[in-house]
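Presented below are the structures under discussion, each in the form of structure tokens.
Okay, so subunit A shows up in both of these, paired with subunit B first and subunit C after.
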Partner chain A sequence: MWRRRGWRAFARHDDEGILDDQGTLHDDTNMLTGAIIAGVVFGLYYTLVGLGLNLVFGVMRIVNLAHGDFLMLGGIAAWFLFTSLGLHPLVSAGLVVVVFVLIGLPIYYLVVPRLLRSRDSEMLSLILFFGVSQMIEAVTTIGLGSTERSLPPRLLGVGPVILFGTRLPKAWIFSAIASAVAVLLVYLYLYRTRLGTLTRAVMVSRDEALATGIDVNFVSAVAFGISLALAGVAGVFAPFILGSITPNMGVAINITAFAVIVVGTLGNPLGTLLGGIIYGVSLMLMQTYLSSWANLLPNLLLIAVLLVRPEGIFGRKVRRA
Partner chain B sequence: MKSKALALGLLCAVAAAGSANAQPAAPAAITIGTLYASSGPYASISMPVFDAFKLWVDQTNAAGGVEVKAFGKKIPIKLVAYDDQSSTATAATLYNQLITQDHVDLLVADSGSVLTSVGVPIAKEHKQFLFDVSGTGAAFFTKDNPYIALMSDPVSTIWPHYISDFLADQGVKEGVKTVAILYSTNDFTGTQAAALKGFFERDGKVKIVYYQGVPTTTSNYTVLINNIAALNPDAVLELGYVGNDIAFLRNLQDSGEKFRFVFSIYAGTEKEEIEKNVGISAMNGIYSYVPASDYEYKPDVGMDQKAFHAAWDKKYPPGSGVAFGANAIYGYMTGLVVQQTLATTKSLDQMAIHDAVFGLSGKLKTLDGTFELRDDGAQIGEVTPLGQLQPEGKDKLKLVAVYPPDLANGKAIIGK
Partner chain C sequence: MPDTGAEARAKLVRRVILDTSIAAVVVIGMGVARGVYSNELMLFNFVMFLALAQGLNIIYGFTGYLPFGYVGFYGAGAYGFSLVVMHLHASALVGMAAAAVAALVLAVILLPLLRLSGAYFAIASMAAAQAVYEVVANPDLENITKGPYGVSLSDVFAPAFSYYIALAILAFTLLLVVWLRNSRFGMSLQAIRDDSVSAAMAGVSVVRGRTIAWLLSALVAGLVGGVFAWHISVFYPDTAFDLNISIFATVFLLFGGATTLCGPLLGVFILYGIYNVIGIAVPQYFEFTYGALIVLLVLFLPNGLVSLLTNRGIRVP
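Up next, the complex of A and B:
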């Protein structure tokens, strides 16, 4: 109670707080509970956003700064498929998975092996994929213009779903389910398939995997394709979660996705689940109690984790999947 | 000998007098510098302004150029425009470049308060007059800065007064007693929110139960709407940019929450853009400002709203990327002010430009209403009536002006 009143006092001091002096303890509790429930569901979407980025880092030790732009392209694809062919976004999501995996393979062979032969591939990947990101944004802006695009809310159902007394949009539930399915599939891929076992071997040591005769490039190319597919699927849901898509949204998505995977442990795709939920809950709590500062959250989380636990929440024990 | 010297002296005197009265050589072109944002969060409000301004430049040049009184002739316009990509840091560099490197004759700001804010001190420092298209932040206008005038929107402290007046007047009669204000923390909406708060507190008729700012980058309002709903306000005022309004209205519909009065700035001012992203059902009954794109003012100068809309559609066919809306009007209207300024200014000296712009105050009527400036350059003439989106037929919405009574062309429907 004291703590909650303390937050309120701070907010009021900042002249941006809730001004209702009749707010009861019951109201505060509802708001807190609502923020946490909404945060968990919303965070699952950000798990989907960060999952592919972490997979690529885990397997190749490179940072794909164009990840957010591939997400944007997934959204554009869903918008295009709906407006031109009338395809439902859930159908588009399936198509996007296939197409983005297929796009990912040649991009991998064109870019990544050369990158990995360089002295400092992690640093160079930042520069190279930043360039790719800028190119994608510029080409999309030239081709489609800069304004917002979206899909009709009715496609995933209008009206709320009430979860433990908290009203949530139906689209959040769909995206949370999609994210849960994606996490499950990535888990099954990594732990229940031969290619997944080889992928984990590459994650442990690329050189040793190469020495044992594993086709490291093929394994990595598939992982890269899966990563783009995950970004693409997240993009399909973006109009419903973020309101709309614009060609320039990639950078902001990247910053958030990066915070999510650092919190959940870099290089550990499944740690992204925890990172996403922590981000989601933190964001909703910030929106509830200190809304003006909510956009600082990704950076605050990054700084906090890097200072307190640089190896991420899961740490070294599970870092290499 | 004496007569020869006298003749020479007379010749010199005539020549000297002639050179003293001669007009300075006319430039080959009037250079107008401006910025636009082709990408980023402000692209939605910047590109319509820029495209409309280009439309005016093209039309003017096609007619042989702009009439410049100082040179007594028509001179073509050369437009120097840079893309600031919605970045204030980039915009600051480019404003400097336009003034110090390109030496533009006239400087036109980018659209909106955020991207104008960095231009105001730079223009003042360089004593370059700034045609402020729609940067309505109250802090831009001070008595010690003669180098700015707001073209097309009323200053943010004036803009929202019809909202509070309406709620205090008709709203209270219908039982509206409490209001929630949710705003994006930037000069444009932050100033309006503060002004509204002041109006409500001054009038004392409607109580503010929620007053909270969110970053302009906010793209999800679900929890915020749930929190507002927990306080059960009668009216909810959401003040944000286009992206904010799209997310808010979608989330509001998704949440199933109903409030008796909901206001959003861009539901009316960029109706086509919002409708495309949100859908008609989420906009039905929403209150907004009525911009000149939805209200027919009779102009003395330039095209009227219908003619301009037709010219816009011809140059930028629907679906080509940038939607017609209030910002398109603002861009064209700024062109008209520039045109009238050049037609009356004594020279291209920046204080002469200032005098010419202020000389138009109260006299210039365009498709955006009456152009009238306060002493400090703030726009006070172009009013923004309060409107409501009401059904027109089965699948269309019309923005109806509902307040003030002398500008209203319909009646407000306050929810039960």
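Up next, the complex of A and C:
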């Protein structure tokens, strides 16, 4: 249940240009820029993976430990819509957004208000959403079995794209652009709409927002729905970036998402972009130069940032860690 | 009317006798069960989870830190045992000592995590456990740890002896909890958990208290991991660092009720019992059930089964 798949194949992305017959390196700069560019591309995707988790933390001060499982459900939905109806992933992404927002609202009202009244809601949220995560995983495994599912990459275009001399599959570029659009839309929502402004008010202080007459529960419910939708969209593109979808991928995704948002400041959705890119670039550097140790990275990055700078890179000293 | 010194002491002695006899009944019961019931592996797993749930109780129940990565110490113990037995051809008891040392060393390395609190501590400890797993299971270290291909310790295989050692570890753990529940040190830990600033002002050494609880808790998991390696004798890093071990222990503890002696015992006997009836055949049904159970528990009974009694003012050992 810890394994990540599909990334390793990537480290060999450029082997014709980099490795000679003996398998030794002869073009270090090319390899370095290659890793950095691929890192930024992956980083945009990881931003999408972490963004929803961070939005929920920022607004409700709870950790949705089932985030990775909602991502998995998004991927399963895309797989199902493609194999049964032949829907293009972009169409599926649109559907997933609508459906996941609608799923998010009742889940919020069922669980979160009661949770927030408890003695230590942040801690208990971990355990509670862990239970939700187990239920999702179990139902998915019972319904679909535990096999890996993937989508053909050609759906998002054939052939490589050459970016600053690095060849990348079109599907990656596509997923990165889609992630960037999603991040931009969240920015526009938070800073250009009325509901977004109210959301930021709740982030600053839930109690004061309540006292000003803001319908805190509704604002939070919408944020929760958006968060699930973001996870779902990330799931739609997961087959192209991570290689495949399995019912038990949630835990590994959660650690990654948590590393991303802790690096990029908890509770600051835009910091997630920086966290995602730092994470993506360091992951690609690790996979290029130390590939068998690359899976250590999210864990070590997470521990290091929590210990050295728990408030994150953009953070002010607002939270007690 | 407040107790006089002598009355208070008599009351304390009665409590300790009651707690100790509960511990004794459980340990002796699990020992007798081995002679009566033939599925030794299942009984061994019960003993393991009884000890793990109590080990987690030491750190969570008494200090409020919930390490999601508790399995890291268990895995460290299992590999501490295996490395010494494989490479130094040491006896199993030396291996058990190595398991304890491995878990304690890891706990000391992770001491800075205690600076974090709540969710941050839980997640960071989970990341730490996974980091240890990634190192142990790394194919580059195949010569040392056998990497992802697993360990085989047939030389020291001794199912009966290792079962009784596991019982001894369970007894040790239960006595630790009895001691914490009835000693000045245990009280001071609970004071730190409830309000660390006030406790510090009352002269309680916060850092020392938390450190000791953390090390004891890690020691229990390391010993259990070591005896697991010994009893099973063939296993993979995926089994020794299976996150489900942390999760089971956590759910059993929370279901029964932390800080008590009976709570985690009840949690293991009830939930792990159900698991053995319905879960083995189709683990997903159990996974779904305990997922739902966790959600309901957190929402409606956040202090566990025993809180049904404690909320009515009845003291539960």
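Note that the second predicted complex is superposed on the first by the 290 of 321 C-alpha atoms of A that agree within 3 Å, B and C clash if a C-alpha of one lies under 4 Å from a C-alpha of the other, contacts with A are read in each partner's own complex, and residues count from 1 in each chain.
One rule holds for everything that comes next: a contact is a pair of C-beta atoms (placed from the backbone, for glycine too) under 8 Å apart; a residue touches a chain by one contact, two chains touch by 3 or more.
Please read these numbers as outputs of a predicted model, since none were measured by experiment.
J.: Judging by the criteria at the top, classify the pair subunit B and subunit C on subunit A as clash or fit.
T.: Overlaying the two complexes on subunit A (C-alpha atoms) leaves subunit C and subunit B clashing.
J.: Would you check which partner chain A:Gln287 touches, where first means subunit B only, second means subunit C only, and both and neither mean what they say?
T.: A:Gln287 contacts subunit B only, not subunit C.
J.: Check whether A:Glu137 is in contact with subunit B, with subunit C, with both or with neither, and answer first, second, both or neither.
T.: both
J.: Is A:Asp215 in contact with subunit B, with subunit C, with both, or with neither (first, second, both, neither)?
T.: Touch partners of A:Asp215: none, neither subunit B nor subunit C.
J.: Of the partners subunit B and subunit C, which touch A:Asn295 in the superposed model: first, second, both, neither?
T.: both
J.: With the two structures laid over each other on chain A, which partner does A:Pro153 touch: subunit B (first), subunit C (second), both, or neither?
T.: In the superposed model, A:Pro153 contacts subunit B only, not subunit C.
J.: Of the partners subunit B and subunit C, which touch A:Ala259 in the superposed model: first, second, both, neither?
T.: It touches subunit C, and subunit B stays clear.
J.: Between 151-159, 187-195, 205-213 or 295-303, which run of subunit C pushes into subunit B after the superposition?
T.: So the stretch of subunit C colliding with subunit B after superposition is 151-159.
J.: Overlap the subunit B and subunit C contact sets on subunit A and report the shared residues.
T.: 137, 141, 292-293, 295
J.: Show which residues of subunit A lie in contact with subunit C when the two form their complex.
T.: Residues of subunit A touching subunit C: 1-2, 63, 111, 114-115, 118-120, 122-128, 130-139, 141-142, 251, 255, 258-259, 292-293, 295-296, 298-300, 302-303, 306-307, 310, 320-321.
J.: So in the complex, the part of subunit A that touches subunit B is made up of which residues?
T.: 11, 15-20, 23, 27, 30-31, 34-35, 38-39, 42, 137, 141, 144-150, 152-154, 158-160, 166-172, 240-244, 246-248, 252, 284, 287-288, 291-295
J.: Can you list the residues on subunit C that touch subunit A in the complex?
T.: Listed in rising order, the residues are 66, 68, 112-113, 115-120, 122-124, 126-128, 130-131, 133-135, 138-140, 238, 241-244, 247, 250, 254, 282, 284-285, 287-288, 290-295, 298-299, 302.
J.: Quick check: in the complex, which residue numbers of subunit B touch subunit A?
T.: Residue positions touching the partner: 37-41, 43-44, 47, 85-86, 185, 208-215, 217-220, 222-224, 226-227, 229-231, 242-243, 246-248, 250-251, 253-257, 273, 276-279, 281-282, 320-323.
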